[in-house]
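Presented below is the structure to which this report refers.
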């Protein structure tokens, strides 16, 4: 346990997380007073003071967002370094599986980034209006984000302090692939069915996009990202690595593969994020933002294109599929 | 057109040091007119001017400029309004002493999204209008009082605002420079700008281009 | 706002107000310098150690009796080579020799000059060695630390080792190792294997321990069991374990330092916070002017934050460059001893550059984030002051 905590990268990572949490705590207390007393129509000194405080909260959240975006790849990189001292692990995938907190933590971090992103969009909309109409909703939303950040930091610490440097962990080839007993793909689907589902959901997401129904958008995109994760790991990834047994979602982030992993996961996250943003904003403040739907379409399509490209490239170069 | 409705400003409200700076002010100022706000120090004219200029917020009441209510505008919008529509000239010039004349004049334009070329053009126009072109590369700390005032004027004009607000502009000037200042104001009046000058300098009495004089005493219009 | 005009204005302001930022810059540079030097030194040593380790054999087998290591019989070499999957079983001879005059220990390593060694470093050494000259008479190759100590006591060309049976064995100094081997070879003496055995009082048919290679990684645990089955009184040390132990050691030492630095950073953050809260009245007036001419609170905050970021970034660059020169060109006097230890022989080391993007980004995050965090609140505080207040 000590050894994990004392690796330079982890210390810096935790230090940064704690700084962010402290800043957000200050924002939290300011938000409470804003939620309680905000009334745009009043012209008292109090109201003006609240307005000024809201700028501080906005500043802190923007700063947090930027830093957390950088912390994601940095976290992945620090975990990767830890694979040297965790027995059995050969890359980040193994270290993530070292205890039961790893996978949920990763998912949680992505979800948190989604929420912060939506908050930023809500904030921009709010400030554009002369009466700052969405302020109270915005700050309620922030309270939610603050709670999520607390949970994230706690799970960070739980995860990092429970990585054992004595017990061996499973490496990716066991977790994901060739030597596992039975498929890890949900619903026991086989690869062709998975692919069918993948493309089906993609076209469904386009349809729902044009439809503009917020609930459908959320459901379809959740399903899409869920299936897409497995499809990339078990199918498209193997074409990136050009090895049928290398079924790992992390290795494509490395420089051997020209960091394509960032583009693949990045475009997927952005596509799903914008669909989410559209839905949440429509439900929260009843505003229909067309540009989010447009971006969602663009990024989801980009994602599907990159994945299919690798498969097709392999086929054209080699004449067969893996 | 500028309309002031039931404007009140109270400092340190609900404390022992409570002070009513403005009491129920109602004014109407037509566009393209020149108005003098006359009153002694402490009468509230500077407070009124800063509220008119969206630099501070009233305790109650409203200000409507060209059908836009500006008293309660949140900061992002009030500063955008200020940048587009208002030009301010202060008593103590309020310039950046380490920068030169040209750089000082360009400051209001920086957050507005202009390219450097556009900014240079506008700065050039303002320099000519305020008659300070010959000193454009001079550092402000080396300028005389009158030259600083003209730099401040150029800065107020650089974005071609409709309304010019002046707070005791001649208080730190000698007679010759005060007259020069008046000439510039005349020129601006000819350009159809609305000019509001808060002053108690008698040199502004009986000027031909002044359309109206509003007297303020103890926060009230008399 | 347009980025280019904004940046123009920003750099103009920073340039005109240079003196305002000097104090903070100097402290920042010092902090970055110290922490980068520590990181550079430790990663350089790490690389050196790992390179050497990599060159070693996979397994080391030692004979244990009542908890102590005793010499292994050479007959065991055949026993072990019989095991399937084991290659290159060899004997190793090494030990400590107590140098009476300066009360220090030398490490003597015996090398069989005619057998192909599996150790890559030894191979490298043998390539540049003229074996015939070396074997003409009893010779040794010594590390720099040994050379200095022997010189001190006027042993320039040879030294007579005291053997166990009170005899003396004179051995001539063939050559000294180059200075950049100092991290690991400072107190080393290399000689022919039989000579070494004589001096260290090891029988001809024995050795200090036995090393062997196992090319197939998956076989390691199986073969370990088979080794123990052959001779029960042994201990097997795996290269992976040594690597891990070293990595943990470096993490430990490095981690402790980093924690110390966190304390330094917290103090620095407090200083920054204090400094940026107490802004001078002329600063306040400038912000007031900006607000009065139409800059929004957002614009003012943006200006101030970027200003701070640039100061921090430039200080960071200067600190790193200075640290680089200090560690890799000047060989980090004083600081290096913290890592290498003072106890045995004095070591004058030269570090080889081993920095990568990850070290730099760790340093960057560690420094910049607390810096900016410290100034967020003070910046906001001065940006929201009413313009009329600040211009009085």
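Letters are used for the chains, namely A, B and C, taken in the order the chains are written, and counting of residues starts over at 1 for each.
By our rule, contacts are C-beta pairs under 8 Å (C-beta built on N, C-alpha and C of every residue); 3 or more make two chains touch, one makes a residue touch a chain.
Bear in mind the structure is a predicted one, so any value in this text is a computation, not a measurement.
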item: Innermost chain, taking as reference the mean of every protein Cα atom displayed; value: A
item: Pair of chains joined by more contacts [C-beta pairs], A-C or A-B; value: A-C
item: Distance from the mean Cα position of chain C to that of chain B, given in whole angstrom; value: 65
item: Between chain B and chain A, distance of the C-alpha-averaged centres to the nearest whole Å; value: 50
item: Averaged-CA centre spacing for the pair chain C and chain A, given as whole angstrom; value: 36
item: Interface hub residues of chain B, defined as touching at least two other chains; value: 75-76
item: Residues within chain A bordering two or more other chains; value: 55
item: Residue numbers of chain C (touch at least two other chains); value: 297-298
item: In the complex with chain A, residue positions of chain B that touch it; value: 13, 57-60, 71-77
item: Contacting residues of chain C [partner chain B, same complex]; value: 1-2, 4-6, 8-9, 12, 16-17, 285-286, 288-299, 386-388, 391
item: Of all residues in chain A, those that touch chain B in their complex; value: 40-41, 43-45, 48, 51, 55, 127, 130-132
item: Footprint of chain C on chain A - complex, ascending; value: 2-3, 5-9, 11-12, 15-16, 19-20, 23, 26, 52, 55-56, 59-60, 63, 67, 70, 74, 77, 81, 84-85, 87, 165
item: In the complex, chain C residues that touch chain A; value: 39, 243-244, 247-248, 251-252, 254-256, 258-259, 262, 265, 297-298, 301, 358, 361-362, 365-366, 369-370, 372-373, 376-377, 380, 383-384
